[in-house]
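Which chain is which? They are A, B, C and D, in the order written, and residues in each are numbered from 1.
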Amino acid sequence: MYKVSVVGASGYTGVELLRLLARHDGVEICNVTSRQYAGQPVSTPFPSLYGCVELDFELLDPATVAENVDVVFTAVPHQTAMGMVPDMLNAGARVVDLSADFRLADPEVYSTWYQPHTAPELLEEAVYGLPELFRPYIASARLVANPGCYPTSVALAMAPLLEESLVDPATVIIDSKSGTSGAGRSAKVGSLFCEVNEGFKAYGAPAHRHTPEIEQTLSGLAGEEMVVSFTPHLVPVNRGILSTCYASLSKEIDRTDLLSQFTDYYAAEPFVRVLPEGQLPNIAYVRGSNFCDIGVVVDPRTGRVVVVSAIDNLVKGAAGQAVQNMNLMLGLPETQGLQQAPVFP
Amino acid sequence: MYKVSVVGASGYTGVELLRLLARHDGVEICNVTSRQYAGQPVSTPFPSLYGCVELDFELLDPATVAENVDVVFTAVPHQTAMGMVPDMLNAGARVVDLSADFRLADPEVYSTWYQPHTAPELLEEAVYGLPELFRPYIASARLVANPGCYPTSVALAMAPLLEESLVDPATVIIDSKSGTSGAGRSAKVGSLFCEVNEGFKAYGAPAHRHTPEIEQTLSGLAGEEMVVSFTPHLVPVNRGILSTCYASLSKEIDRTDLLSQFTDYYAAEPFVRVLPEGQLPNIAYVRGSNFCDIGVVVDPRTGRVVVVSAIDNLVKGAAGQAVQNMNLMLGLPETQGLQQAPVFP
Amino acid sequence: MYKVSVVGASGYTGVELLRLLARHDGVEICNVTSRQYAGQPVSTPFPSLYGCVELDFELLDPATVAENVDVVFTAVPHQTAMGMVPDMLNAGARVVDLSADFRLADPEVYSTWYQPHTAPELLEEAVYGLPELFRPYIASARLVANPGCYPTSVALAMAPLLEESLVDPATVIIDSKSGTSGAGRSAKVGSLFCEVNEGFKAYGAPAHRHTPEIEQTLSGLAGEEMVVSFTPHLVPVNRGILSTCYASLSKEIDRTDLLSQFTDYYAAEPFVRVLPEGQLPNIAYVRGSNFCDIGVVVDPRTGRVVVVSAIDNLVKGAAGQAVQNMNLMLGLPETQGLQQAPVFP
Amino acid sequence: MYKVSVVGASGYTGVELLRLLARHDGVEICNVTSRQYAGQPVSTPFPSLYGCVELDFELLDPATVAENVDVVFTAVPHQTAMGMVPDMLNAGARVVDLSADFRLADPEVYSTWYQPHTAPELLEEAVYGLPELFRPYIASARLVANPGCYPTSVALAMAPLLEESLVDPATVIIDSKSGTSGAGRSAKVGSLFCEVNEGFKAYGAPAHRHTPEIEQTLSGLAGEEMVVSFTPHLVPVNRGILSTCYASLSKEIDRTDLLSQFTDYYAAEPFVRVLPEGQLPNIAYVRGSNFCDIGVVVDPRTGRVVVVSAIDNLVKGAAGQAVQNMNLMLGLPETQGLQQAPVFP
């Protein structure tokens, strides 16, 4: 039994980590920390876990939480993470960080989109934890930067196209739609039920902070610097991200052949489901699961391809992918604890 | 590995059974039947199960589907079930029937609320599959009548009160609220998104067909014939039933003592969570799980007790309870395949 | 053109008042106050009103806001209202108060459920603004206490029964369900989209603060002191309250006759729609309108009547009823500015 | 008082027309037809209109329905409309057709996307009823083709850009999202609450039937043949369309200047609200109203402009625009009967 801790478990990513880890056969949750709920049972703010997670929230310093633990999950805001991860690594734990702090390789880019980085020396060491693209590097990593939810959905949608140079990198437009849990669990008027329900809006355009993370991964796949249009939208559902990705084809290719590219590319992946011809993904069909569903459309009239991907933002887009990374780091089967079938309806 | 079949797997109860059985270590799904989808992969109408259930829907007669199978789940409409269950039992299978056909012990009562019964000889043999109340009879049953969703939520809420004669049976009023999956997956205008969403209504009053089933169980607990007011309502959510049950206390008792009655009554039950004082259930906290959450309120001003229970109507209210019954029938651990923590949010 | 002011217009009741008043031919909005948004255009927090209400929020003392204005609407929290209403009345304005501060006639009852009352001398003068029951007193009132949303739905459902002594007052049980706008627009975790959506819960039992207001009105109708069970629930919709009211019939009466009682009782009312036999209300059918829909069920098995009423909590349950009261006070047609047909779907 | 008829009033567009016309001072509804509901009161399938529309559905032939009526609204499926409109015009009525049958000027294009046209001689006469672009032609038209919901949202978003040649027409990509009422009121499994709720998907790509209608209008504005990428998505809300439109700028222009282009372009329009800098539309803020809200973003990194527009698909996208057209045809004030402020929340 490996030992793990969850730091900052008071948000939706935190509770989702606890849901998955509580039923994971290979690990034991040792500490659960939260500044806000310290001293209270986990089930007080999260009655769903009553009888499933019998721990109390604690208030622990980074070194203590990391002591005698194999993996620490840091589910804290950016800037907070970079302040605690070095101490955790020094205490001998390995870390899966779910914040944005270690995702961007270049500290200059980070400081442009966020604020100055206080642990830039770790950026080179940190491994970007998207197993489908970077699996070999994850197993041995001390520090895994768990990808953002939008970037996960986009990278998996675009990888087969960019790696094979099937599209013109200058033409990529990404229109993403996220469920509301992506906005977090802090009390803001804009996240109130009545503000979100029966609504739909774009936000963050033209410079959402996930843009550089998306561009970093896509650029690596394309082998050239890419700049993309990325517009996120808010969907009145709890969970799910659907990304609709547009690009101009660099050569003529029909839908069947293009679909084969995707099917072959992901043939061995347990968590990527390339849908049969004529089917497009729906976030309803991945809910609660670690799947990424992908559908492909070719439009001969415009010469463009449209790739649509769907994930559960809290699972493949956050906690599930973090567990997948943990499994790789600990040498456990990659799918352990992640085999729930999607909950539909 | 035991072998099971699911008959009539094209509705929401059917797909939920497949979701649970697909990840159950102790059983193998052998046949999945559907008149509507015969010949198609399960994942065509249910893309959520793509890669999880690799079977095609078949069109099989009852004897064939039951052959060489340990347990058959019949998830078909009432009246259809009674036409096929006898053949299945004769073919040597044991049956968990999710319809209403074998829930009422008295064929007269059945014919009053439904239509004449064509297999009344099986009513005596059939065991009402509410494990928390009838566990000893389930293990050896050939035919288990899986309880209705509303009756499950009501029976678990009222059992500790009625068995201990803490309330006046003549005063019981049950106000229940169900998610929309309870209305089934058939194409009706009344179940369209735009008809249900942002709405809330009572329906079926004063004579919803679950009334006699509720009264049968409560009467057995009370040791006297009971007649109850039961009003179901439709909630614009996919899953969940919340029942608010009112009764006049037959003696003075405070909330703490009453809560202890509940806590003691369900102390050994893996799937009933009696909530701490001051907490009331929310269907959001049982979603996707087999839990029944119960909260208790005493109102000294009126001398009434209010018991609120919450279940996922597709799990503890249907497919989960069916798997729980199957586990008992097959001698498997009762919780096997049912330990998912609730999916929140 | 009469002149009106809206005080505390930053919540959902406030914005609904502005929506209705902006399109009311007989009045002009002079001041809109909000501590939180003072100095900003109304359309900044409420983009729905962009181009409809061209005013800025102000921060005004009660006397100033009431000066040269015919009617002031106070849409502020209880306790805040009682601090400003006396000054407004002294400044010569008439007031429709949407808080709870002037609804309870007895200051002792008020202090039991809220806190001590600082303007008890106004309680006798204040008129309870439910036009269907108290119309004659409203026209000449200086101060109208606009009823609560739950109490409105319950009083209209029960009035024909209690006034005619058709039910036993000791048996009244009220199970109410409210949309989420009833919880207000303040930033609380419990009102976040992901906490409410796909959930359903009871709350406030057994002592929600609307209980004494309900009991005051019903007692007046029954001509005797009544104590009722009242359990509110939270529905994941923006708008609407549905109350399911149970009572034992004091004599035998069939559904048709009982329905006639309701039809006759409300024959002249423009905003009460008693539904035809066999139909029950749905909050979806009153959305955005000032209607109260009522359906009646008699259950001969239990000897109980079930009355179901539906209103839009922000219209007939708050802002619409306030405008209805204003119309009566100003001698305008009672329905002026309130004739929008419900917005369905 | 002008006289109007609504043909095919059993769908969501029909009931919305009735909602608006019932409260329109200048017209009287004479006939309401529906094959499905003939003989029943309008309020049977649409209880929201109980007491608002006191008519029964009838089954009338086109000539009869058009007799002695000033304007007929045809809210029937495409192909059905073209079969009845000629008879109505011959009977002397003017027609606002809400189907797709008279929107495309070229019968060849129509037959490519739909089926052969049986009244091609009317295509030249028919006026495309988007008042903001074609107002002068509408007043005198006998036959107005009411625009589709998606095309309305796109045309208003793109007109100021294309007319001023500010973008490269070859780069236009439109990512639209529609509420579920757009799928109609017919009983289909795919429109059931549980299939749509908590879901989000793309559909119809790459060849949704609104594509040629969009291209026809945009081509006219650009003065050259345009081919666009258009991907519609389904949002789990009742009402609303949000279109996110991407195009490469043909010259450098900053956000402020671009916004001025839009503000100037729509300065005199009563139903188009160009939002202040930094604000983007939300369908929640136009609900129930005839407004089209528009927000503009310039991304200097990519050289692209993103225009986001929001309408209520049943109002500005269907029934409201039809009433706007009727007002123009009858010489009534264009805004009559359409001045409701949006219903938020």
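Here, a contact is a pair of C-beta atoms (placed from the backbone, for glycine too) under 8 Å apart; a residue touches a chain by one contact, two chains touch by 3 or more.
Predicted, not measured: the structure shown is a model, and the values here were computed from it.
Each step here moves to a touching chain, and the least such steps from chain A to chain C number 1.
When the interfaces B-D and A-D are ranked by C-beta pairs in contact, the top one is A-D.
Each chain gets a centre from the mean of its Cα atoms; for chain A and chain D, those two points are 38 Å apart. With centres set at the average Cα position, the gap from chain C to chain D is 36 Å.
Centroid to centroid, with C-alpha atoms defining each point, chain B and chain D lie 45 Å apart.
In chain C, the residues that reach two or more other chains under the touch definition are 12, 181, 194-195, 197-198, 236-239, 282, 284-285, 287, 345. A complete topology is adopted by the chain contact network, contact being made between every pair of chains. Note for the complex: chain B touches chain D at residues 12, 180-181, 185-189, 191-198, 236-238. Here chain B touches chain A in the complex through residues 12, 15, 19, 22-23, 46-53, 181, 198, 238-239, 273, 275, 279, 282, 284-289, 291, 293, 339-345, going by the rule given at the top. Interface of chain A with chain D (complex): residues 173, 175, 177, 179, 194-195, 197-203, 205-207, 227-229, 231, 233, 235-240, 242, 244, 246, 280-285, 287, 295, 297-299, 301-302, 304, 306, 308, 310, 345.
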